[in-house]
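Both complexes shown next keep chain A, but they swap its partner, so chain B is in the first and chain C is in the second.
Then we have the complex of A and B:
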């Protein structure tokens, strides 16, 4: 059994205790504390990471289940010197207050832009088959798995919309 | 979380064997099971991670339908071109459930097997005949807002929480199952989930060691397809009431009305008499009320969920009136 996971391009050995969630593995075993633990039950989205290009809640999956997978965390998206477009947009639009949910918001939004590029519909899409229209309603529905208790939603939507419109 | 042994079977035969002989629980997406393990509602001694046994494909069937692999994700299913074009009620139902992050991990087989969100079931300090047989039902005289109004028993008034299975019930899909002795069997979705009766811990017909391998959709029937979900907020909430409807009209009369309901019972609720009452009738308020009368004849509220009885009636109107226009 191989037991290697790639995190931001670096191979890491998976933990021995199978109870370790992917979230606890990232934070406690390899010290990547950008990913946050909020509810630990898949309700808040603070732990969102991108696995093989797909966003998931890292709290609701075991690290052991990700043998061979490639994980991208907030640390893998950009750095303070070279932030990603979404990281820059969150700064410009004040897309946060306390910042605790922000890594999850940005990982989630990064994957969401790819989902829109793939023409995946959402519950807010009027047409299931056509390309999604990037309305505020669409962004809100697609980001409903990421809570912000400071209520920075309006600015989060503005930041995402700016990047989406640039890349469209 | 209690300690457990973790293994990765590589084939369906190996998976059914470890589930049947070693008492392992199968884990696929894990979004429901791991949540329950953290709450110690589930305390398996062994987990069989079945993500490497195959059954992740979505493929055309010889009959012209579609086979949805049990290990395909809810997202892969909802965005599949044929699901969007030929089974829109299913795409809509899946997209109305949970969040993108959860749908990206949740699998079709796991979604069918998801457990109730009754808060007496998920709180180990409370009585629950489903989790702890014989301990009583906290919900019957308790906080029962989300609970069932149809098919309840003295033992349990929990609901099946999912959306996908409600659409599958309207579509009359079937569940393909691998048995512990290497055989296969198929069960209609409409018969897959159980009513609580005297065995509320038994939520579906899977026997010891059985694993779902696929969901088979019949050839497309067309019609106007609608999934209407009524909930307390507009995203990421379970249904209070939901309606999956496939409707066709000819000369102003219903010629098809395949209906299933979520949020009302311990299983997706399909009562063929409701649709039959509509066939050959015009889509008038009176016709729809007669169908709702049949649906709700045996409905019983438990105080906090009494509102579901009129809500189900109104949801049926809200679905059938525009559906009739779209299909006319």
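Then we have the complex of A and C:
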């Protein structure tokens, strides 16, 4: 046990209270409020972060379970001065309105594109063996864990598609 | 200096189209967008405040009765717990939109299951949450209170009642009649950001960071709740993570945080849990609606009847205004409209996006589909034949009216098949495929508003108002408006919103924010232009400003000569409100597939065409419409609040059990903006757009379900079991 978690490359000491979720640790303890609390029950995806390369709902896991892990939050993907390609594409395609689900959407999309690159199939995949095609249906299925009540889905799909096609 | 405009007449001067900057209406990205996509935009709960204690609300586990005692000592002994607050000033419901006064107070009296009864404050969130869960409460429960809206004698809302001609006679003699009853389930706003507040005191001065839509009303509601003067309160809502009506009025966490912070002498944060947002803010009432349509051989309406029953808690003034657009959408000289409310002890019913039309239009537009089939004419043609020349009830002209254009342009863009339509004409494997359409209508609202615009000596500008941006695009469109008027690029304009220290307006709600506060910005900018024109010795109408320069060659910075020009714009809608019926109109077209074995419906594609006056930003306006269409899918297929018949509590109080559309539920959507200028809607000739996109869209889907598989369903939402049960063999 090192009691250390790496967040966006910076080591942080894990909290003393074992009840503290990873989400509350990020928001309340180290001031990274870009990760949002929408439901606290793993139902909305607003709190999505990337842990050791995999996207998870940070509300559904305790901070204490992440000893030695590497966490990337929205703040680690890009900054107002140097936004990531997905952050730029969300801005250009208006892939958000109120902005509250947005960091979770962008973290989720970032890791999701890697899942496709790694040939992970989804419910929308035609073939479970071959590499998944980057169809609208694939993107929609894989992004369905991130709710957007403003209803920006059509623009979210367009933003992700643009980035995926550019990097393909 | 304040410039004032009271609009008694349509403003046909059309000044905005004479401006030269060329930025208004353009599809520019949101000016606050970079902060949102990088997670640096602070929402209410996210301000770093030293020494902030954490509060968690405890809520009632009875429906109706009295709190006899709360065992505070037991939880005060728990680690970190600082206080248990059950001050009589705590509010027990959220205020209705534009209430302007405190809602029900006094947490000892319980009126619905899940009502807040106390606030537990601790050093950390985890400690407060645990203590709130362990709070032992003794109640005296009142038995047998009404819970079922169908089981009580309803109260008529007499202001809504219209009796004109003789509908019964028209129904008896008409060539074609429809008499159908629809039900709709309750809906939740389910904004992604749960309600939250951080309150802090500096002596007798209170500052609250909160997630609210209408600060001008909220400050008076809060002042009333706390017996304070408004001047001693500052409310800040710079970023609001969605509202959809749920943040119109002051809510429980704001007052609780303020009371606790005062009592403890330190800042206090209170965030509602998702379940609490569902259970103690607002629900859209369920409705029962009877539609009676009487038409001649040609489908022209001679009779129109719409009856609706909604519910609310005893004492609440809000009743879902189901009939709002039914009063003027279609003709028919014999009319009977009536709205009733059943008083039941379910949680408060209030505004959820597009109150009224969100459920009234799906029922009406589905009934129109039934009529089109009976008459044997195209559903689009039936609507075209029934557009009235003026308001059929009030002898008022329409301010503008784009329904016909939306129907025609929408039909063409969608590829609408206007031929003889029979269900089950198309099959794709185990899926029936069909199309449907519906009209859209949503009343246009506008209100008094003030905004301050400063043209700075350095050639930049500042716009200040308490107006909020709840995702609607306010920051951006106000920058575009000011930029257009002052000849500046939007990126040289700072828009400072969501602070009660600024000049006030009506806030975000009822789709009235852009037209109201936009008009105040317009009035302020016009006054600034007059000052500049004076300096140049020309008339304001002859002043052309673009890119920081007057057409005559002088740079703005030189003209300003080191001095700012500051003007407050004060806009009041005058007689235009009474002299015209103003509404946004539109049309929806949908293609769906219905599984013949499971009854599951998937929306293949959907198009909406909307006319709502001037488009202030094509990107954000389109997004508002996309959002509305997405909500239409939820209303049609999945969204339904379920109440326990034993105690009236909201059962599906989270996002796993209350089904808002997810990404895969929403196909590619097409939006046509049928642009127009509505001079009687506002001096900027714009109408509201935040809600129109969901006013009728659900009916397009439901009508498409019928066209696909032959299942006529009268109960929203159209869940697989309902579709399956109604599907002919």
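Heads up, the rule we're going with is that the second predicted complex is superposed on the first by the 168 of 168 C-alpha atoms of A that agree within 3 Å, B and C clash if a C-alpha of one lies under 4 Å from a C-alpha of the other, contacts with A are read in each partner's own complex, and residues count from 1 in each chain.
We adopt the following convention: a contact is a pair of C-beta atoms (placed from the backbone, for glycine too) under 8 Å apart; a residue touches a chain by one contact, two chains touch by 3 or more.
Every value quoted in this text rests on a predicted model; they were computed, and no experiment measured them.
Undergrad: Taking the superposition on A as described, I'd like to know which of chain B and chain C A:79 touches: first, second, both or neither.
TA: second
Undergrad: Touch test for A:128: chain B only (first), chain C only (second), both, or neither?
TA: First partner only, chain B.
Undergrad: Residues of chain A touched: more by chain B or chain C?
TA: Partner with more touched residues of chain A: C.
Undergrad: In the superposed arrangement, what residues of chain A touch both chain B and chain C?
TA: 17, 19, 40-41, 140-141, 144-145
Undergrad: Which positions of chain A touch chain C when the two form their complex?
TA: 17, 19-20, 24, 27-28, 31-41, 43-44, 46, 73-75, 78-80, 83, 87-88, 90-92, 94, 96-103, 106, 124, 136-137, 139-141, 143-157
Undergrad: Note which residues of chain B are touching chain A in the complex, please.
TA: 1, 3-6, 8, 27, 29-31, 34-35, 38, 47, 49, 51, 75, 78-79, 81, 84-85, 88, 91-92, 95-96, 98-102, 104-105, 234-236
Undergrad: Quick one: which bits of chain C touch chain A in the complex? Just the residue numbers, please.
TA: 29-30, 32-43, 45-46, 48, 124-126, 130, 189-194, 239-244, 271, 273-274, 470-473, 619-620, 622-624, 626-631, 654-656, 660-666, 668-669
Undergrad: Residue numbers of chain A touching chain B in their complex, please.
TA: 1, 17-19, 21, 40-42, 45, 48, 54-57, 60-62, 64-65, 67, 108, 112, 115, 118, 120-123, 125, 128-129, 140-142, 144-145
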